[in-house]
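Following are the structures in question.
What follows is a pair of complexes built around chain A, which joins chain B in one and chain C in the other.
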Partner chain A sequence: MSLLQDQISHFVAPSGPAQNPWFSEQQLMRTMVWKRRIAYIDLTTGKIVTNSIPKRVRQLYLGGRGIDMYLLYNHVKPKVDPLSPENILFVGTGLLCGIPALGSGRCDIAAKSPLIGAVGDSNIGGFFGPELRLAGFDHLVISGKAEKPAYLWISDGSIEIRDADHLWGKDTFETQEMIRDDNKDEEVKCLAIGVAGENLVRFANVRSGMKNSAGRTGMGCVMGSKNLKAIAVRGTMDIEFSHPDELLDYCKEMNDMIMSTRWARAQSKWGTLIIYSNTNTTGLIRTRNFQLNRHEEGEDLEPENIDRYTIGMSGCYGCAVHCRHRYVLREGPHAPIFAEGPEYTSLGAFGTMVDCKKMETVLVANHLVNKYGLDTLETGGLIAWAMELYEKGIINEKDTAGLKLEWGNEEAIFDLITQIAHREGFGNLLADGFKNAIAKIGKGSDYYAIQVKGLSNLHSDERPTPSFALGIATSTRGADHLRSRPAIDLYGLPEDLLEEIYGAPVSSDYTSYQGKSRMVWWQELLYAVTDAIGVCKFQTVFCAVHAPNWEEFRRLIQLATGMGFLKAQLMEVGERICTIERMFNLREGFSRKDDALPERYFKEPTPIGFSVVRGKTIDRDRFEKMLDEYYALHGWNENGFPKKETLERLGIDREPSLMV
Partner chain B sequence: MKESMSIRVRVVLLANFREIVGKREIVEEIDSDSTLGHVLEKLAEKYGRDFQKIVDSKTGVISSEFLVSINGRIARDASIKLNNDDILMLTIPAGGG
Partner chain C sequence: MQKILFIDPEKCSGCRICESVCSLHHEKVCNPGRARIHIVKWETAGLYVPMVCQQCETPLCETVCPMHAIKRDDKTDAMLIDYDLCVGCKLCVMFCPFGGVNLDSRTGKVAKCDLCGGEPLCVKFCDPQSLQYLNATAINLRKRRAAAEKFSDLMKKLLAIA
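On to the complex of A and B.
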């Protein structure tokens, strides 16, 4: 049986419990969800098969990241080479993708990660997701490898594999523009890779429009390995909702509620850069890789200072906030630049971590990584690490082929970004990510790498915040703030309110360990469901305690699809997604030993910042205790393996697995 | 007779507060027995607007729409007594990435 046939036969009859009492067959037939389509595209043979998405898979995984993770676990064979045709790329729109609220344009891209060898998964906003739905598809399963450069053209229910010879070598902006020109349609939306993806840089991203990126875990590299330059969609079909009038009213209510808050209005004005002022002033920002926890002379990076370059704000589909700067650099050696961003993450990647002090440096670097199609965070994290190695004498100018990797040397940073994207010089070594670069450099260089499971951490310094530290250690895709970060832990909220949210006592002190495993677990379930329904995390409890969460999600799902969930059932979906990701990673050889922090978190106290955060390390025993509690909350054993009863309860006990 | 001493606290103004005052940092000289509430009251009188809304008039605690820290520790209780050289930070809570 071919892989493709195997996929289809499996998908038609998914395993798991035979009965689920959530919906009657009659209820399901009334919803329109069951009509949505999935396409299986084999780039090797050119065969394309479409099918409906089984109802039970919808019930158990919703869509977006949820269904992508189900597919990843069931269809990617254990231990496949992530760059081989056997790896499969999954593209999935969120269940609510297309509603006019909460930034609902989100789409999930998954595969086995060529960077970390574990779950590869990244979520992208913008406009691609809704366009894919308007073109008649919710999910794409892309297997094999095209013989030569190709792109997918998807339009109103049809899919073609087209020649992309003329696009190969083009950057992410040019590629999208040329596809729109080829099709004489300005409304075409693309997922595209740049030269970094073509050159199999292991942290190449997937780009859409001017700004949106599926940045983490190297999904652009997987596209490159399949000779897949882009996926272009244009749809003029309908997106159907079960209760359209009530849904519109409720979406308006959601948007009005969000825009009535100060946090959303602040994001509208300053974007995610607003976080920098708060965290840097306090001393929660890693600087010079990990030597300092505050960027002392970093005032030019404060959000007010982007105003002189900004020409307006823009947003994603279905978003009232518009948190993204559109900027122009008219002067200087790198001008002219017309671009969007940068996010808080890029401010750290090309500001604090590499000790650059000018906003303009960040704006140029942000544009370069976007043009080449590189994950901004991984690129900045690797360069910062290389700079510390250079300072410590572990590498020298001979190793870097003449690049002076001194702190704040912006031209060296720009050169290194270009080298990484083209796999030239010292950049070629970094292009393979932390794990491979550490193996090649040796000499104790691993100690200085601020990464978990091979994925760079962002520029937050988690030594004073145990909840954040646990989150980056346990994230299934490696160090990451978007998997479980309880940002509201920094708000010092009343403990009775925290208990009401999290269901058990949680300390309001962000430096405390008490209750923080529960906080991380709860947020992790919420974000898994957020990614499965395809709305923006920044419009959930990520940003504010009263922002939308389970109840609002439940109501939106009911109005958009007719599917009825209780809060407990939605939380169980979150558990299921996290556990199937865990199963994938366990099958690939990951275990408790990988839910770890860099040694520096335990050994080097934070040197500066406000008195509350100064002198902090993570206490190893308390960290291990948090990890035990976190596993127990998930129903996993002390080694992080899901218990039999957990798998049975979640209905994944009969999924194909070497573990079970 | 005991003489009332004065103390100085630094106030770091971010986001909306920086926009209103036009400065990133100011220094306030206050009585040595002053509380956070006293300083916020003084700033509200001087600058108005969002400064007047920091303390929730219904509950008397710091509103969850704002973030106020003293030397990095988040304050929700306006009756906390301040000490010389304390650093207050006034801002809007924000998450993201």
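On to the complex of A and C.
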């Protein structure tokens, strides 16, 4: 941190919190991206410094995940303990945050992950991002550790560190409600952690509103380690755009474009649950941890069945799709519950993976993890793994302190979720994530863990789909579908169309390996830029071919900020973000050996499903070949190290450069 | 025929697109606080209600305005503020029963919905159709049909039991 503050010492504010004069008119250029500031908050000393974001950094990394990754590589020292005050938490709004289209409210939270020890980065929708930008800030760099529980209060250019003693121990909903009450303002938006974050559960998430979570890689745990309970924001400043009238027209065009896809239409009715109908029928859902690839008795988990509980849909900021369910559970032992969700992810985490057959179980578990502030996917993945170990006799009732971890035992699942969040009993062991739990249990338990780099995989079964498998293996934050998943691979699109999109021949058969490395590489660049500009992945080429991508992003950036990019330049930004993440991971000791799949992908063929997906494993040789091709596309050598000329081409050969 | 900005809170998804397009169109910036429309939320109960000027038949804003600066537009029937006459006394803000008149934090002036001259942008952008610009007859019929549907469901149940 001292290094960081040396760099910006000439920007030190006179005394106390940064005040409005920092936004003096002379400094302002035409659009909001040049006005929005970065704040360095040292929780140990209470020192707050704000700075502008140089144009060059914007051009190289745009914002959101891009700038966060640049800051992560620059400011987090190699090999720091993720739970020590030396780890730094970054919060960054996307470049286009605030436009009335494409779910533009997305915000990125990053730090070195306490769960995997590599890049920790998670994206959150909802309303926090735009509010932060309305309050005058685009990026927050939070270092050190508060002496006692604290929360940040950010409002129109000023930042305060406030006492959060009264909030400690409260769940994520209560915390936000209490902050709103304290400040007597209903419009305050928060990022908050629950008891899981306070108890340093390594996959604790950060929550905002009823539904939104920055779930993966344990960013809530990092907040907990800093005694930071919440970040509350209220902003009333203008967000200016360089071409407001044209932008308005183009946003309408974008919303029409996305709503013309059938996916978006289906999602506005059933949310992401709609994916279940397709993948379960085909046989692409891992069930009973990894024993089956279809939930055969899962009729109650079909998306239509949530209609019984739904009272309406809701949307994130600037989103026409509105894929979030608002649901009410009026009967049963856990009623009454009002909550939002669940996503497809929770449907797998507490439905298929643990072999539960009822929608109600998913709804209750979804509410529990949200209340405690746990990553739904990691929690479900770990419970499913423990259940398989229990079945195989690797652990028994003595190890689990009396919990009967039988498939589909919903009460055991609810109990275990509560135990994990409070770090009690058997839950305490799981609360440290796959890496530590495997080390403690031993006895070959690692074979049953469906994880990459220590992060649990989604409940999807990638054995029949090499492109998906390569994606989870190469993702910089561990097994993750949101880094590169080319969902359109499943559509069997004509090959000339695929060639037009990806720029080289790609097989239209989703079980083929041909061209799939290119597909993954292309999608990875697109999603990196999507996260950097802060729009929703569902409104890009994720599940619809004619959804917005490079050309549309280019135009939106131009109309909103005045920055001109060519498609090739935007793709280069994507490459830069992926490569700097890669460099961070290499520095932490990750390399090609970590871009691997769980052994079961190579050994156990898929037992059921459609004939095209039945009996499939990943072919090791062809997988390695795909990996080679993928590295070559990125300009990395065969061990996954970026080549010198790649770094020069991308302008990152002199990192860490500390431009901000 | 008179057209009305019709609000159906049940369909509102709370995305705040209406707020940002309103401020973007009128103020050329995105700032929900300066928009003429606002979605009031009870987040923990899942209730979202868009609030905007209702263009009342007996507008209190017009009655209380000491400068007679608020007048009905012939073309759209919207109540418009004549800024040449407005002195910024904010009486209209105080008396409006809906909070339909907005006090702009930046300029200190009052502002209200002008139906965008007959093509409200919020309606154009509202995909869930929580906001609609309809003529009066259509609204009456729609309301009655929705109520009648509930009736007919009830009738069917009663008949089935009998």
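The rule is short, and it goes like this: the second predicted complex is superposed on the first by the 627 of 660 C-alpha atoms of A that agree within 3 Å, B and C clash if a C-alpha of one lies under 4 Å from a C-alpha of the other, contacts with A are read in each partner's own complex, and residues count from 1 in each chain.
Everything below uses one rule, namely that a residue touches a chain if its C-beta (ideal position, glycine included) is under 8 Å from a C-beta of that chain, and two chains touch if they have at least 3 such contacts.
These figures come from a predicted structure and were not determined experimentally.
On the superposed chain A, the positions of chain B and chain C stay apart, so the two partners fit side by side. Touch criterion met: A:544 reaches chain B, while chain C stays clear of it. In the superposed model, A:632 lies in contact with neither chain B nor chain C. When the two complexes are laid over each other on chain A, the CA centres of chain B and chain C sit 80 degrees apart as seen from the CA centre of chain A, to the nearest 10. By the touch criterion stated above, A:282 is placed in contact with chain B alone, chain C being left untouched.
By the touch criterion stated above, A:257 is placed in contact with neither chain B nor chain C.
In the superposed pair of complexes, A:501 makes contact with neither chain B nor chain C.
Contacts of A:80 after superposition: neither chain B nor chain C is touched.
Once the two complexes are laid over each other on the shared chain, residue contacts for A:248 go to chain C alone; chain B is not touched.
Superposition on chain A places chain B within reach of chain C only down to 18 Å, the least C-alpha distance between them.
Comparing which residues of chain A touch chain B with which touch chain C, the overlap is empty. The residues of chain A lying in touch with chain B in their complex are 261-263, 266-267, 270, 272, 274-275, 277-278, 281-283, 299, 302, 304, 323, 343-345, 458, 481-482, 485, 487-488, 490-494, 508-510, 538, 542-546, 609-613. Contacts from chain C toward chain A in the complex involve residues 10-11, 13-17, 20-21, 24-25, 27-34, 41, 43-46, 48, 105-106, 121, 124-125, 127-128. Across the complex, chain C is touched by residues 98-101, 127, 130, 134, 173, 177, 186, 209-210, 236-241, 244-245, 247-248, 251-252, 255, 259, 268, 311-322, 326, 328, 338, 340 of chain A. Of all residues in chain B, those touching chain A in their complex are 12, 14-16, 18-19, 24, 50, 61, 64-67, 69, 71-76, 87, 89, 91-97.
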